[in-house]
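Presented sequentially are two complexes of subunit A, the first with subunit B as partner and the second with subunit C.
Now for the complex of A and B:
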């Protein structure tokens, strides 16, 4: 299947030069190269320019509420763990109004990949400062330089328990595609921070800025080698993230942590073979009989 | 007097500037954004001396407003649709803690599907939150009502929501006359509010109200809303006198001898009036009633206006699925229940999610209402313009 077959045919109405086009392209390329089954892919988005992506990708999608894409996705994944669930949201959506959910996803570690379209601004509402915009920076719509400190999604993700963390760049679709493929192959909660230029509202983060302020990781092993290695790797990531330049590539991968699906299966032995989405709710048109004796047996005297 | 071309949203921003607010908590949402955007301009260029905080959500915006208001500051925020819905739990705190916050709600439909256009579902869903709700249907009215809202809020110690229709009022430019700034200052002088948090008194609010106390605390807010009826009337009369206006709880058009009428809220009443005028030219005794105060609901005056009218078409721009009827209809029906001779009420739903309501459709609503008036019997709710 070619990447074009993952296009819904709906005209993407992002601005000219929007980084979302690169993300859209890289996502379709990754899905095509991995030979993903369209019936198993679910995209869940929040509100904002990024939120429109389910309109354009030919897969099952939910355009949810501002900040709530992660809980929607978690519900979908829990009900049917066989699905590949991908969340798309902006930095304002996932790291501002929806930050609580971003943290909760890491604590549970379900097999969900979060793609953060990070453009430092609220693009759809005309360029207000978002949670990733640095203090002292004044993008064109701001009346005065930003007085809030920025959040670093990689470090928050690591502190919250995410097991796959990466950073890529929307204008480098080839690099982003490879990162997305790695993220989709990982089992557990993953987050990719995608540096997404917004030519309309962010006059700071353009191609020149990215060229000067980022570098591609080389010789960096993101994988936690053993459970004992975890703390050391986290410290190394802290050092990596405190460098002046933002690092592009896979930053952190921990394959030792149980997923949320594993944890549910550990308290419900039937979960993996018979998750809620596969359970019958009727038998030839009539509802299934519920055995009160079985359900309340232990309370009966 | 200064006359400017302003959108409804900018008119609100000018009113807030004239009110000389102390704290603005803002979170962007279409179609409200240009209100707080304009206010950020005013603050940044020194025209308005206020603390302006960009919060991370509407829930935080309303929470910050409650906190600021509790210290005695004059507070403003604006929102729409999902933003108002996300404020839901804080709205009840704002009214119960008696914080005189003024908020513009630019009416917009609620998801799903995602829709940024106008209807009234957002405000209707919050009608029991204890907020005073005023409705403005032009840019000038939006400005004037916002100024009144500060006076009302601080007088009765209840939060006030001023509703304007998304895009139709919020983004349409109209000539707007700015009131004299000195007169506005005399009308709503900045004065220290009583019963606020203070380090000298050192007390806490919002603490647990067990069954022995909660009821009385809640009743105080109910009582305040009831008492506000008379106060709003006086405050509005004062506004009209000072600024040469004629605002009322209900606007009635051609109702002196009307046989039947359409009743609505917000900007749609403008189209209803145009259609009523053409019906009048053909000798029809059609009228229009526009509710301007939705909370407290002016049921006594409504009954006076509708005395002798045989049929009313109530036009809702929101729905109450599974309810006896839709929100405005239910209020009108309950409000008129005590009348000795009640008009027949015909329910209409129109314009959900920004769907245009044409003059022909208004004509149809008038004729269905007339039918109901003549036959003495109304049919089930009519969903105007719905494709089946």
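Now for the complex of A and C:
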């Protein structure tokens, strides 16, 4: 299947040169190469330029609320774990208004991949500073240099319990595609920070800036080798993330943590084969033949 | 028989257990019981009490004055003695006798001042002993019981355990004084502590000792045990809704902890395995405690999109956070249920107290215009059936449904009939048939305005909070906008046309009436219970309980209202929100308003006396009964 078959035909209304085009391309390439079943792929997005991406992809799309794509996605995944659920959101959406949910996803570790379209600004509302914009930086719409410190999505992700963390670059579709494929293959909560130039509102982060301020990881093993290795690996990631240049590639992967679906199945044996969306709830227009004594005995008198 | 009992003590002192022991004993004796739990937003130390009414006919409210007061501490005596009828019974630990009634740190200073004035006016000293003499002089039977001495002599317990059985002791004593047989009390103790053998044994010994001691004080006729053949459920409203949701096919419940809603989610988790008569599991919901209420509504919507009957349960502050999600669900025609238990606002307000002040909020919450259903239950049986109906309505019309309850229903306990089968309607589903070249359109325009629904995973589809076309893709075309907008809004008219009358409103009492009490929610119970005494004033009185608040059955309600000489609105808020809604939807002004916003439920005697005052010409009555 070619990546064009993953286009919905809806015209992408992003600005010329927008990093979202690269993400759109890389995503379709990854889905095509992995031979995914489009009915089973659910893209859940927030609000902003990045939030529009599901409309352009020929897979199911849930264009949710600003900051709330993660809980929408979590509800979908819990109800039907057979779906491949992917979240798309901007840095403002996921790390500003939706930060609580971003942390909660890591704590639960469901099999959901989050793509953070990071352009350092709120583009659709004309360029305000986002939570990833560095202090002292003045992008063109700002009246003054930014007075807030930035957050590092990788480190917050790691502290929150994400089991797959990576960083890539929207203009390098080939690299991004490989990272997305790795993220989709990972079982558990994953986050990819995608450096996404915004040619309209972010006059700082352009191709030149990216060339000077990022480097592709080489010889770095992101995988936690054993459960005892976890702390060591996390310390190494801390060091990696404190370097001057942003590292591109798969940064962290922990395969030892149970997913939320596993955890639900461990307290509720019925869940594995009968997740909510697959349970029969009626019997010819009537409720199931539930035994009141065996189910609600403690209320009976 | 119609007896009202108050058992009070410090929060954390076992009042909940004491109350449930009394309730279960009286139920086991074959009586109809209604119990109201009142407690502070506090874990230990503040005053809490259980008001229990037992009668030989169904009751849906409490009534003052009370017949029996059981006090675990001096605060309970000082707080509630004025509610005891002359000739009633007061039981307490004789060790309290020398205690001061007014020097109690947990008692609110404002309440202390009021108590001092009251004691002064009645010429009562400030000790329990003095109060006891006063009550005795009014014909009240005062029974101070030397529990500590009695129990340590008879049972040789170490002292700390005596303190922990004080709740059982007081309850056993007051039940015995009411004429309840020891056997019934012991049975209930056995049931309540069925999972803790040692505790059960200890409490049974206590019951025996106390009953022996109190026997000689009993002045009442023994309560005859009525054998009942029909099986009933003894539930709080939270339990009722949980059972209804499980029977109604709920398979995903999300919640963020909040009083008085959280117990319902606990119940669903505890009863998570639905079993058939052979013991096989035939259903099993998932309950998720979310990081906030925004997430709770979002996850429930996600579950609903995947084809799972999904709901979230909350109270006012949580519902405030859900408003944006509600609007998304309205725009995307999502069958999601929000169970809303009202408590006292604004803001944190009275977090553990009753209120009916979110009626207008639930009807109008959410930006933009969209169809929704708000269904308000008036008692425990309705709460269960309405939980199922809410899930049915949501899927049939593809709209968000708010099942509106209040702390009164949530926390009051009573018996309700056992129903084993409920109707389930899942609404219009996509049949999987597409013509050559046709794609599935989630928001397809149809004659009846309802698009066939496919679940996520069955087809490729789009949802968007933005205005969208039939496919679900963003669309700002003006003509599509008009059509799609109307498609959503017209559902309200269709719902009103198709909803059965019993979901719109219920008339209680005579079909032909002179005066009509207009009410809703738990307040209905007090109004219905007051029918008998109101009827004695020579006019025919009926109660109209409104159930469907949105879409509002304006013409159906108007018909009832226009037949009454006097309409009296009774509800637990300041404005008279139902009366305001009637003005908006029916164009009729209901001037007589009986309102209560203390956080305590409206009682039968309050409705009866207010009706009398309205007949004498008062228009607005503000109630304040109950501690």
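Going forward, the second predicted complex is superposed on the first by the 292 of 301 C-alpha atoms of A that agree within 3 Å, B and C clash if a C-alpha of one lies under 4 Å from a C-alpha of the other, contacts with A are read in each partner's own complex, and residues count from 1 in each chain.
One rule holds for everything that comes next: contacts are C-beta pairs under 8 Å (C-beta built on N, C-alpha and C of every residue); 3 or more make two chains touch, one makes a residue touch a chain.
Nothing here was measured: the structure is a model prediction, and the numbers come from that model.
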| task | Could you say whether A:124 touches subunit B, subunit C, both of them, or neither, answering first, second, both or neither? | result | first
| request: Tell me which partner A:291 touches in the superposition: subunit B (first), subunit C (second), both or neither. | output: second
| request: Pick one for A:63: touches subunit B only (first), subunit C only (second), both, or neither. | output: both
| task | State whether A:274 touches subunit B only (first), subunit C only (second), both chains, or neither. | result | second
| query | What is the contact status of A:212 with respect to subunit B (first) and subunit C (second): first, second, both, or neither? | reply | neither
| task | Go through the superposed model and pick first if A:235 touches only subunit B, second if only subunit C, both, or neither. | result | neither
| request: Using the touch criterion from the header, give the chain among subunit B and subunit C with more contacted residues in subunit A. | output: C
| query | Both subunit B and subunit C contact which residues of subunit A? | reply | 47, 63, 65
| field | In the complex with subunit A, residue positions of subunit C that touch it | value | 24, 27-28, 231-235, 239, 243, 246-249, 251-252, 254, 271-277, 279, 281-286, 288, 290-292, 294-296, 298-310, 324-325, 328, 388, 415, 418, 420-426, 455-466, 472-474
| field | Interface residues, subunit A side, partner subunit C - complex | value | 8, 10, 38-40, 42, 44, 47, 52, 54-55, 58-65, 68, 70-80, 82-83, 100-101, 103-104, 264, 268, 270-271, 274-277, 279-282, 285-292, 294-296, 299-301
| note | The subunit B residues in contact with subunit A across the complex are 27-30, 33, 37, 40-41, 43-45, 54, 56-57, 82, 86, 111-114
| Residue ranges of subunit A in contact with subunit B within the complex | 47, 63, 65-67, 96-97, 99, 122, 124-126, 128-129, 131, 143-144, 148
